[in-house]
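Notes for the one structure printed next.
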Amino acid sequence: MQGGRTVTHRVSETDAARIARYRPASGMLSPRFSGVPSFMRLPVLTPAEAAGAIEIGLVGIPFDGATTNRPGARLGPRGVREASTGTRMLNPATGIAPYALAACADLGDVAVNPIDAAETCRRIEAFHAGLRAEGVVPLSIGGDHLVTYPVLRALGQGRPLGLIHIDAHSDTDDSQYEGTRLTHGTPFRRAVEDGVLDPHRSVQIGIRGSVDAADERDWACAQGIRIITMEEALVRGLPEIAAEARAIVGAGPTYLSFDIDALDPAYAPGTGTPEIGGFTSREALHLLRSMRGLDLVGADLVEVAPPLDPSGVTALAGGALAFEILCLLADAVAERRTR
Amino acid sequence: MQGGRTVTHRVSETDAARIARYRPASGMLSPRFSGVPSFMRLPVLTPAEAAGAIEIGLVGIPFDGATTNRPGARLGPRGVREASTGTRMLNPATGIAPYALAACADLGDVAVNPIDAAETCRRIEAFHAGLRAEGVVPLSIGGDHLVTYPVLRALGQGRPLGLIHIDAHSDTDDSQYEGTRLTHGTPFRRAVEDGVLDPHRSVQIGIRGSVDAADERDWACAQGIRIITMEEALVRGLPEIAAEARAIVGAGPTYLSFDIDALDPAYAPGTGTPEIGGFTSREALHLLRSMRGLDLVGADLVEVAPPLDPSGVTALAGGALAFEILCLLADAVAERRTR
Amino acid sequence: MQGGRTVTHRVSETDAARIARYRPASGMLSPRFSGVPSFMRLPVLTPAEAAGAIEIGLVGIPFDGATTNRPGARLGPRGVREASTGTRMLNPATGIAPYALAACADLGDVAVNPIDAAETCRRIEAFHAGLRAEGVVPLSIGGDHLVTYPVLRALGQGRPLGLIHIDAHSDTDDSQYEGTRLTHGTPFRRAVEDGVLDPHRSVQIGIRGSVDAADERDWACAQGIRIITMEEALVRGLPEIAAEARAIVGAGPTYLSFDIDALDPAYAPGTGTPEIGGFTSREALHLLRSMRGLDLVGADLVEVAPPLDPSGVTALAGGALAFEILCLLADAVAERRTR
Amino acid sequence: MQGGRTVTHRVSETDAARIARYRPASGMLSPRFSGVPSFMRLPVLTPAEAAGAIEIGLVGIPFDGATTNRPGARLGPRGVREASTGTRMLNPATGIAPYALAACADLGDVAVNPIDAAETCRRIEAFHAGLRAEGVVPLSIGGDHLVTYPVLRALGQGRPLGLIHIDAHSDTDDSQYEGTRLTHGTPFRRAVEDGVLDPHRSVQIGIRGSVDAADERDWACAQGIRIITMEEALVRGLPEIAAEARAIVGAGPTYLSFDIDALDPAYAPGTGTPEIGGFTSREALHLLRSMRGLDLVGADLVEVAPPLDPSGVTALAGGALAFEILCLLADAVAERRTR
Amino acid sequence: MQGGRTVTHRVSETDAARIARYRPASGMLSPRFSGVPSFMRLPVLTPAEAAGAIEIGLVGIPFDGATTNRPGARLGPRGVREASTGTRMLNPATGIAPYALAACADLGDVAVNPIDAAETCRRIEAFHAGLRAEGVVPLSIGGDHLVTYPVLRALGQGRPLGLIHIDAHSDTDDSQYEGTRLTHGTPFRRAVEDGVLDPHRSVQIGIRGSVDAADERDWACAQGIRIITMEEALVRGLPEIAAEARAIVGAGPTYLSFDIDALDPAYAPGTGTPEIGGFTSREALHLLRSMRGLDLVGADLVEVAPPLDPSGVTALAGGALAFEILCLLADAVAERRTR
Amino acid sequence: MQGGRTVTHRVSETDAARIARYRPASGMLSPRFSGVPSFMRLPVLTPAEAAGAIEIGLVGIPFDGATTNRPGARLGPRGVREASTGTRMLNPATGIAPYALAACADLGDVAVNPIDAAETCRRIEAFHAGLRAEGVVPLSIGGDHLVTYPVLRALGQGRPLGLIHIDAHSDTDDSQYEGTRLTHGTPFRRAVEDGVLDPHRSVQIGIRGSVDAADERDWACAQGIRIITMEEALVRGLPEIAAEARAIVGAGPTYLSFDIDALDPAYAPGTGTPEIGGFTSREALHLLRSMRGLDLVGADLVEVAPPLDPSGVTALAGGALAFEILCLLADAVAERRTR
């Protein structure tokens, strides 16, 4: 992985003019800590305003009502918005200038019901189905990991998606507490059951930590999901892992889900179910940058729980990784525009 | 309010011997920070072991799934247990030595389902109905304020209870998010509707802060609940307020519910819905001590959310106020024993 | 001080319809922690959009470059925005429903230069002069206390204002470090010198703490500014103090400046120059509510420094006191409309 | 209690010139947060340098090895030094300018042994006996409360001292853990036993909280120590309490010991054994100022434990109260100089 | 190192039934944050109850009275208990299911005297000698590192033990403060002197940071202890280091001591004497897993000081590493059962 | 990189005796947390006292008035002083015993003006020019990175210096906010423009993160500054990078500037402009140790902002890295003495 020159040559003049209307406020003119904190200091649009105008929408999903451990991820969108104001225009490591490649905006939050997981899933799905209908690619900021399930339902309806899933946990449990099936430990099982996720084009990276039983991983493997544990990743090295992951999802439409607990607790203490032995932020950057060129149709970053992290490094990592993911999405949007 | 000599004269020798089997570990022999942290360093019993053996059971209810603001109260029982190990045997301000008046134990936590408020209410109700059947008076540690509702259902079944409710909020909303009726803002409305709470013997003290609409308080007042706002309490003074509250609940069976957000955020920052302008801890002690002699059949302390308070003063206050409430309950148990 | 019924009767139907277009997002529909955090969850307008549309503008001034002690107040607008989302529609203690009395909006932040106090003062003055020209009453959220000086220059040009100043410090120093005249300890001296503040209609309440020399207060008194120390306030009581303050500013146009360090550090640890022995939040509410009916033409709340307060109670108090000040401004706006 | 003009008239010109050599660094020339943080930004002298040169020595005693609860007070001197740099030259509330009344310096820390309480007591006693021999009045900053015992041994040898003791705890236990007699709960019992403290001229103010047994207070009362509980103080009011305390210690040589846990945990969370229901900082200032004119021969401030307080308000209060005590000592020194 | 299938085949049916009586509470039935927090949610037994019933006992030793730097490790058992409730049944990385291999329980805390190191050492030794007599293998949670010394005296009496010691410091000082010999910097020197530790079968891994003098390490090396500094470990790599360590201790009875400050402060800020340049948690997991198959007769994890870590990652790492060590002990117990 | 025996053989007996007068207080005699916290527990001298007496002066520069992001670095000297008391006499990894090689002292802080960057630059330059005139090598502790500019002006006057610059940011911006040229993002551009820094002998290591525009790095490269991005460093490895850096600066006089944000936020959260993907503390130690033998004439460590890091690991790293840099400087001083 290495940097390079800014890559904007694929964008036509007409597109560039349109895209330029949606730029973050510049830190060279007003300090990055100033202003109402939207994602990346981008303009805030309603979904209605976004339709036909933008290509990538950042969406907050402040719901943690499916958390079985420590809560707080409902405050994730707020924390990531604030921390993301520290990101800037250009990614020198990859040469990607996302705001020159695609029109981006902050679309506010889905109106969740903190007490009702099923109702909230319906609202999340409807919101994202609306974006899909308007050709807006979502980058959704959780919230606990259950929120990925209704997003997958919206984006994968009619076309089962491939999955790059970076996480400490497989999140393919069946149920907990004798029958509760919508938890932050079950989204990918539900998505496979609903046919919106293609298990054979799905890979989970960084899985680690003790488990209650071997069943969870066994089910996932039986479906065809490829689980790359942290131990395997260390032995084989990230470049080899990344290459295998790319091969698994292939050229089809793919979703990327990044659970912040993939990082080691030293790098992300503010999450509900931390597991020691995780990725460094450098490794996370490497993994994400290795996914360039995939046909990404949506992504999320979940489980940032600011109240559990007094130093703020978790939201900081969340904001910076969201920027990195946004670069991938912008690159994919620009690529699709040329097809 | 003033102190006095230790009051244990009402306890027979037989009772005293029985009661003495359930004493907290002494800080004079092993440090208060040592040992598995049970409530007040009391023995830990299962409900089955408690039946017939003890008279007051401290119960954790680690549920915050009905919180509409910042979460964290699910960690309240853990935080209060830890902080409560700093309390000791005798309350010099009132002369009450609770562990000499009644046999007390930590009964562990109700097995909640963090994702399902209705199911959790059922479990809480069943747990407390069991205690009632065995003559065990509960002091329940939340958890968000919804947990009071199923406790009231268990204790008030067949005998609508009076209520001393100390809080910043009236918690008599009807619903939120277009139809969600089990939230931490609705327990007392539900309890009145279910007939387990007698609104004419109910008083709420310390209510303050901005509101979404005047409806909530109007409903409560229309039912006959007496709301004493913080502003009124300041004008009239706590002694007068306390006297009125005692008169309202009268001699009948009464429940006491203390929401930690009744305290000012300076005294209790670790709670989900703080409101400035609250009680000092000294005033809270005064209010509670003023309730001595009521026929208390149960009590709770709720909304302590440790992750929101890095200094720990909220759990500290929670532990100390729980001790103060325990003194009231022990005194009531001893009093009823003599009847 | 006591509560009462909601007071909206002075607003005509036409005005009410216009005002109703600028309401905060309701916490009954979407949780208060959701959405891009604007002040009070109000709509965000540019100054240009605000002109002719709204009557009260909340303005962030994220500048702490004139701080001689601990910094961090540049993050005050961000912290207060976030905390203010917990306030609601109606103030039961006073009966004021501000959003029914005046059209309010979040106008974003002044584009400060964190390194250049003089340039920043020019920008702040220009921004507020623009608001004044459009008839928009500002409620400005600092930032350190220097920011009050350019606001006073904008609002007091041609009409020296009266002043209600609640603070631990008189902030009437001449200079520091051998000649630096624009510091957070000098705004009111500069404003008197510039003729935009009428010292004979100015009162400072809550002044306390050790000082470097007696000069500062001597100069203020010599100008005619009335200094009510915390010690005097305690001896005489807040009602008497408030009455005197009202008499001093009289019926003329008046500015209100609230430095969060007026509160005791227990209530507001997150500020650069804390002084023990301060007001409780209850007293602050009382003082502010006592100022109802003054002809307030602007106000500010300054010196909230979130990085110095891990529990967040300072920003919480800042948000709640800002709401209380907003109620005063809305009431004054409605009152002036009837004249 | 009220302020007044600066009182320096009692100091002769010769003394004033000598005293002026020991002034804190001025915050008007270099920021208060700059420089090696000595107590009050005073010069740092060795005891040898101090002999014959200064009249009041601030001494750190970083020992918490006798703490039976949460540790951390060993870091108290460091925390109070840092926070005390925020205090200034003149106390407007009392008119005392301490550095104009007496020559003051920071004498560094006693070289404690963190593992050996008995050896540390010997070192503390020797250090303070040396100061007494040179006519230097100590203001000692703990450390846990055991450190008061050897200080009393040094200062009370041959002349049993009177005592103003402000604290949540009586600290007159006999022993703990079956025979350990040097703990932070026993200093005043040991001092009475050793004849260096006159129990009939001793008063304890603010005692509160639960106790293990009634014995501790019974012993103290039997010796003649006057215990004024927090409950009594509230009923009678601070002016009456202060007057009684002054009468108890009378005109004889008196020691003042302030345990930071006298303050409520909202004002001082950073202490090992906090008890809710304590003094506000305003009350503490009032109490201390009421002791002006006593023949104070030494004082201490103990139990500040910075690691237990992430917001720093405890050390802040410690620094400000140490300044207030310093004013009392300087006034007493100046008064004795005129005799 | 890689994972594998669960290894329980060595356990007979009879043993399995007995062992199954001591299982942690399952997080699939009640949330991990619920209940009285015992180590790993295991049953709590008294030593008397444990005798003959269990094979591995988790023991808290809440003593930090021998700490020469920042205190707080006395709260380590409490912090590790709480954090350890997040561990689960099976270790997928190694295939070990500890609760299926050995009967485990939480045995509470040794009743320490926080003020008396020598007396506390006697109590720790007696407690662990009792466990040894009953065939219970201890996993002891400190507390500062001095506590290892009396544990070694109990376990190594009559059979000098080998030692795997992972730490930033050699802890083989002779004395400090001119003669204090029982400090957290001396346990291994004392143990060698007492003949309970075999220096030729002892290895220290991860030693780093500045030192006061070269003597400490010189003494250790002279005795035959092998010190592998962090610098050497980095050059040679962990697999080679681990292999050498295994060879050093050989097949004889061996003790494992893990000081949390072996981790880098980014991974474990909450410890009294942190040194930058330490192990990552991933490396610590690797090192521990590499010790599988040794004849471990006891182990400890020390120096977790929760008050020094507001984010809790230190206790989190402590809990997870304690689980990893428990897996090693359970495997050793099962292995010895087959001999 | 590996350790070795202590290297003091180059110091003559006469020098050794002189040098020995300036030793840190030993932690073997009094605890490291005791005493007024000077850098490394060294003696505190005024610059006048230092002249002719010492060879290396540690200087605090508590200025963050040029910070364009989060402030707090003005409290860096205080935080690093406190944390540095944990360092000791000898560096076993390199064998360097700095206090045996060169006479060192804490020279206090430059008297900055927190509000005036230009005036502060003049004071910093004058202070360091004075040190240079007396042959004292400065190790300066910031403060924000602007402070390096006036230090370079003082040390590079007449002899453009080489530069080892370890940082996340190139800090070669031209200006911000339409014309502000003295910011913490511009020091190296100003220094090159002033001719005190030789760009062809300058290397920047660890640069990473998003940027506002490609211009900044383009300018630096055009001047001849070598920028080694983090991505390049990872690909090539630190040994190769270090060798290249040594070759770039060569044998001429060289300055070393270490911005704490070179570390990953997990290792240094307390800084104003953190960027994920940074160095570990182990890598930073390696890099610094690799610079041994350069002709270092001064160094600094900047951007430690303690209020942004509640756990204190940033100041801890700052103190330990300052010790490591001090070792390099002491080695260079001793080397020059032999020439």
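Labels A, B, C, D, E and F are assigned to the chains in the order they are written; within every chain, residues are numbered from 1.
Criterion: contacts are C-beta pairs under 8 Å (C-beta built on N, C-alpha and C of every residue); 3 or more make two chains touch, one makes a residue touch a chain.
Values in this document were obtained by computation on a predicted structure and should not be read as measured data.
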| item | value |
| --- | --- |
| Candidate from E-F, D-E or D-F with the same interface as B-C, over half of contact pairs in common | E-F |
| Centre-of-Cα separation between subunit E and subunit C, whole angstrom | 56 |
| Between subunit C and subunit D, centroid-to-centroid distance (C-alpha), Å | 38 |
| Sequence positions of subunit D contacting 2 or more other chains | 29-31, 33, 68, 70, 74-75, 114, 177, 264, 266, 280, 308, 310-311 |
| Arrangement of touching chains [line / ring / star / complete / other] | other |
| Those chain pairs that satisfy the touch definition | A-B, A-C, A-E, A-F, B-C, B-D, B-E, C-D, C-F, D-E, D-F, E-F |
| Residue ranges of subunit A in contact with subunit E within the complex | 68-70, 176-178, 208-214, 217, 229-232, 234-235, 264-266, 269-270, 273-278, 280, 308-311 |
| Complex interface listing, subunit B residues touching subunit E | 29-31, 33-38, 44, 60, 62, 74-75, 77-78, 81-82, 106, 108-109, 111-112, 114, 310 |
| Residues of subunit F defined as touching subunit C within the complex | 64-68, 70-72, 74-75, 113-117, 119, 177, 180, 182-183, 307-308, 310 |
| Contact footprint of subunit A on subunit E as seen in their complex | 1-3, 6, 26-33, 86-93, 264, 266-267, 280-282, 284-285, 310-313, 316-317, 320-321, 323 |
